[in-house]
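Structures follow.
Both of the next two complexes hold subunit A, though its partner changes from subunit B to subunit C.
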Partner chain A sequence: MINLQPYENPQYFIYLLVALLPLVIGLYFGKRYKWYEAAISLLFLFFIFDADKWKQGVTLIAYIIYQFAVTFAYQHYRQKTGKANKTWIFCTFVVLAILPLAAVKIWPVVPHKAGIDIGFLGISYLTFKTVQVVMELRDGTIKKVDPITYMRFLLFFPTISSGPIDRYRRFAKDCDKAPEREAYIKDLGLAVKYLFQGFLYKFILGWLFGTYWLPYLEAQAIIAGKGMPLHLSWWVLGVMYCYSMYLFFDFAGYSLFAVSISYFMGIHTPMNFNKPFAAHNIKEFWNRWHMTLSFWFRDFIFMRFTFFAMKKRLIKNRVRLSQIAYIVNFMVMAVWHGITWYYMVYGLYHAFAIIINDIWLRYKKKHKLVKHNKFTEAVAIFVTFNVVCLSFLIFSGFLDNLWFNVPLGK
Partner chain B sequence: MDIQKQIVDILADVTGEDFSDKMDQELYESGIMDSMATVQMLLTLQETFDITVPVSEFNRDDWNTPNKLVEQVKKLQDEE
Partner chain C sequence: MKNKTKLWLIFGPIICAALLLIGIFSLPWERTFSKGSLYQAAASQTKTVFKGKDMRQKAYKLGYVPFYGSSELSRFDNMHPTVLATKYRRGYMPFLLGAAGSQSLAQYQGMQDAPSKKAVMVISPQWFTQEGQDPAAFSLYYSPLHVTDFILNAQDTEADRYAARRFLKMDCVKSNHVLSHALFEIAAGLELPKTERYYLLWRRRMYSNEDRFFTSFQLRDRLPKIEQQGKSLPDKYSYKGLLKVSNQEAKRNTRGNPFGIRTGFYRKRLNPKLLKRLKGSQKKFNYVQSPEFSDLELVLNQFSKDKTQVLFVIPPVNAKWRKYTGLSQKMYEKSVNKIKHELISQGFDNIYDLSQMGGKKHFMEDTIHLGWNGWLYMDQAVKAFMKQKYVKPTYALNDYFFTEDWRNTKTVPKVALTNKQVLANLKK
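Coming up: the complex of A and B.
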């Protein structure tokens, strides 16, 4: 039986582009063939979750029914009560929306029978979407969720596995209309460009760093680490840079594919990366790296937390409040990545990096001691790059392997 | 007091800058405002004008100049 994982190999793109062709022609002539779009979406979803992945498919269907019940029950409450908008009811619905994902994250650390898997590909990214809709219903920025649009939003197959994370209102604006021809031609140009950039990133550079060089460097680092303090050798530095490059090219490549295919379909899925390694500081880095995720965390965790704490006057000092909010923000992100020591350390590391960054920015503003020039700029980019690469070494889990799994004969 | 004057006062409070003669100054790209300043501003707007502000799905493009802030507050007041 055919099973096609999104963007896994070049053949996938041939099937996909052939299937998209009628839709592209339609959009070019100002028509959006919604039934055709629904048919190919379901077909490609089917190919992700068929054959040996059928259990994931069943879980996905159950998950969608559950999330529909949660969202529309909350919408019913909000429409019925109008201005009354109880916080505890809102919190209950957010918890309900997060519950399946939380279960999937906790599952690996609780004892269970081997071979039973409760998640499915894309559950994290679907949860970002459903939680976002519940929060917007609370804020009143979404008054009414259209069930068909909501279904298309959740199951939009180009982004279902790993984002980028779109927003409901932005998606709804695009998904019913056909763009103007001139705008669509521009979109097609970008779609082709992103597609080829994606090939270069994911299948060439990502492959070189991740498949060709990384295993060699890791093996060398493990051999050279024997008998060294903390098993550290210069090879670890090689692993660090190589993994960082792999992570960027692999994920940025995937994201470019997702954006490219969206553009072919006349949907402006937001970009995920904007030259992250050119960032001058950690704060700027998070505005350039995995942007749809970091903006989601900024808007739905950081902003909400600080707003709540400020309103309730929980923490008076604004600087202290922002520091606590950073720790909350990055620790939630860490738990989302998974419950392991290295994700927790990664979260704390970034929280403290951004706190130190803020202290420095305030100090610089107050004392006006550093003149901005090409040299200071280069130093800033260099320091930021290395701080980030070290965080990715932690994130990669290689240290876990190096420190705790070596005797097992790797 | 008119809305424009009140918003200039709130921004002066949050950022330490006077925008009365630069009502079209961009606030985010230029680094004048960040998330913390935004939250403080939104909270003050909520309390001053008795409106419900969108905390999360706050589209920066709609709120990125003093003039746009005035516009958004008027719109939210109409909705109440």
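Coming up: the complex of A and C.
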């Protein structure tokens, strides 16, 4: 049985590009063959979820039906009188939309029979999309969701497993028309560029850091940590930088593939990374790292919480308010990553990093302490980079392994 | 700029690069390896060497002899076969194949199209578990080149059909659509269609070129370590002299633990928490019924096909460790006897059975791996075996060993063969 996991090896790209060729030619000549697009989308989805992954496939189908029911029930409610917009109903629907994902996240920490898993590849990213639509229906920025477009939006296979997270309105703008020829040729140029940048990132650099060096560094860190306070040795520093590089190149490479394939299909899926390690403070870092996720959290967690708290006058002090909002924002993100101590610490760490950064910025502004120049910029980038790498060390779970697990060697 | 030019500027370079790459890898290249890099490859135990073919083939022609085994091969103390062969400039040099996790099926895969006149194989009874070759471990040794070789050489025999079925149990093989398709055909006893055959021939050429170009880039240079180990040995070979050095070295390295094993291993691998957990944990271990018995038969088939003379070595478990973990010596001997029966009944007589020597001092380097005196003891047989003139062997293979019945059987006639007899035979 053929099973193809997205972007797992060079072979996948050959199959994919051959399958996309008619679509590309069509778009070049100003035609979008929607039936063909639907057919290959379903085919590639099928190959992700077939063979021994069939249970995931069935779950996906059930999940889609469920989310359709939630979204369209809410849309029906919103359209009923044109004015119906009760907060508790909105909250109920958001909860309903999040429910399956929440169950999947809680599942590992509740006792259950081994080998029974719920969920499927990409459930997080689908949930981001559906929650976003419910929220925008409430705001009225989306008036009507077209079922076919919604289906195509949710099941857009280049991004189904790990994003980037597109927005419904943006997607709907692209997905029905064929781009102008000039513009499409430009897209193709970018698509090819991103594809090869992705190869370099994921299959060469990501492999070097993640497969070639990281296991060695981790093993050395575990050995050298014996008998040291907190099992720490200089090797841990190596693990930290190596893992950070691996995380970036692996994920950025993956995201580039998704964007590239989208461009081939005439869809402008947003970019996910913009030189994150060149950020000069932690806030800017989050505008450059996993951007579609952090913007999603900014729009639908941070802003929502801030407005809600302001409206209800929960917190008067604006500074305090944004600080609380950061903590809420990053803790939700932490829970989404998974319910483990190191994700929680990672969330708190970033929340406090941003809070401290804000305090520093205000202090600097007030006292006009330092003048901006190339040197201070370099120091800022250096500090930010190291703060971020330390957070990734926590995120990696390696410390959990180092401190609490007995490494079993053969 | 015209649109066509723009398109060409985007896609032209890719098309050219792809054509160039395919072209280069489709040509029948030849190359030589320096003596130094062959020596490095033989001692390095890297996965790429294991998965490759060119270096194996060329080394065998220069007097290298494959030493098939698993994790014990990486116990590089001063009595390691490679150290002894290097120090005393023997007429052969071990080509180490295998490391932790490589069992019969992985070895069989690697033996495709790489025949040798002689071979040493260390068979660990620990391979013979209920599951046999672990698919995750196999994936470390999986080589599309070797599997393609297997497919192209396969015939409609019980052995090849069984091998195809076994390969298909390994996830890494299954994920290659072309190879798994061909394996299904072999398993079903069908002939490969011509186009598929041509395609595979072409793929094999590409895999071979990959091996040819790149394998020698990732070698591990153990020569300094080997020479360092060799320094402590007497300049002229003498068993007594070596035994003395071996005991000295072992004594120095096995302090501070109740099992008489290498201090480093004890400290790194066996912390108190783990030790507590392992106490009595192996009481129910069973090495008597396993798919490994049929996988071993594949290896024997290959030896027979290649007319290879083989010396088999069966190592023991460290006796103190065995008592600590509760592993049953009776079960262990039963497993060893079953292995020996399979070998002897088909004409593989050179079996050096060390399975009862786990209690000898400094025999084991750690829990289940030969070291110092163990290596030296084994060297007696290896030395005699290598000196023996090569005569084309005749084996009497029996397909019964591919059956479920054999894999599950517990009753095997007792094999009567002493190491003394084996040694005498070798020295004949």
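By our rule, the second predicted complex is superposed on the first by the 406 of 410 C-alpha atoms of A that agree within 3 Å, B and C clash if a C-alpha of one lies under 4 Å from a C-alpha of the other, contacts with A are read in each partner's own complex, and residues count from 1 in each chain.
We adopt the following convention: a contact is a pair of C-beta atoms (placed from the backbone, for glycine too) under 8 Å apart; a residue touches a chain by one contact, two chains touch by 3 or more.
All values derive from a computational prediction rather than experimental measurement.
Contact with subunit C, but none with subunit B, is seen for A:I223 once the two complexes are overlaid on the shared chain.
In the superposition on chain A, A:I2 makes contact with subunit C only, not with subunit B. Applying the stated contact rule after C-alpha superposition, one finds that A:E136 touches subunit B and leaves subunit C untouched.
By the touch criterion defined above, A:K86 reaches neither subunit B nor subunit C. Once the two complexes are overlaid on the shared chain, A:K55 sits clear of subunit B and of subunit C alike. Of the two partner chains, neither subunit B nor subunit C is touched by A:K177.
Applying the stated contact rule after C-alpha superposition, one finds that A:R169 touches subunit B and leaves subunit C untouched.
Shared interface residues of subunit A, touching subunit B in one complex and subunit C in the other, do not exist.
The part of subunit C that touches subunit A in the complex is made up of residues 3, 6-7, 9-11, 14, 71, 100-101, 175, 177, 267-269, 271, 273-274.
Interface residues of subunit B, counted against subunit A in their complex, comprise 34-36, 38-40, 42-43, 52, 54-58.
Those residues of subunit A whose C-beta lies close enough to touch subunit B in the complex are 132, 135-136, 139-142, 167, 169, 283, 298-300, 302-304, 306-307, 310-311, 318, 321-322, 325. On subunit A, the positions that touch subunit C within their shared complex are 2-3, 181-182, 185, 188-189, 192, 223, 226, 406, 408-410.
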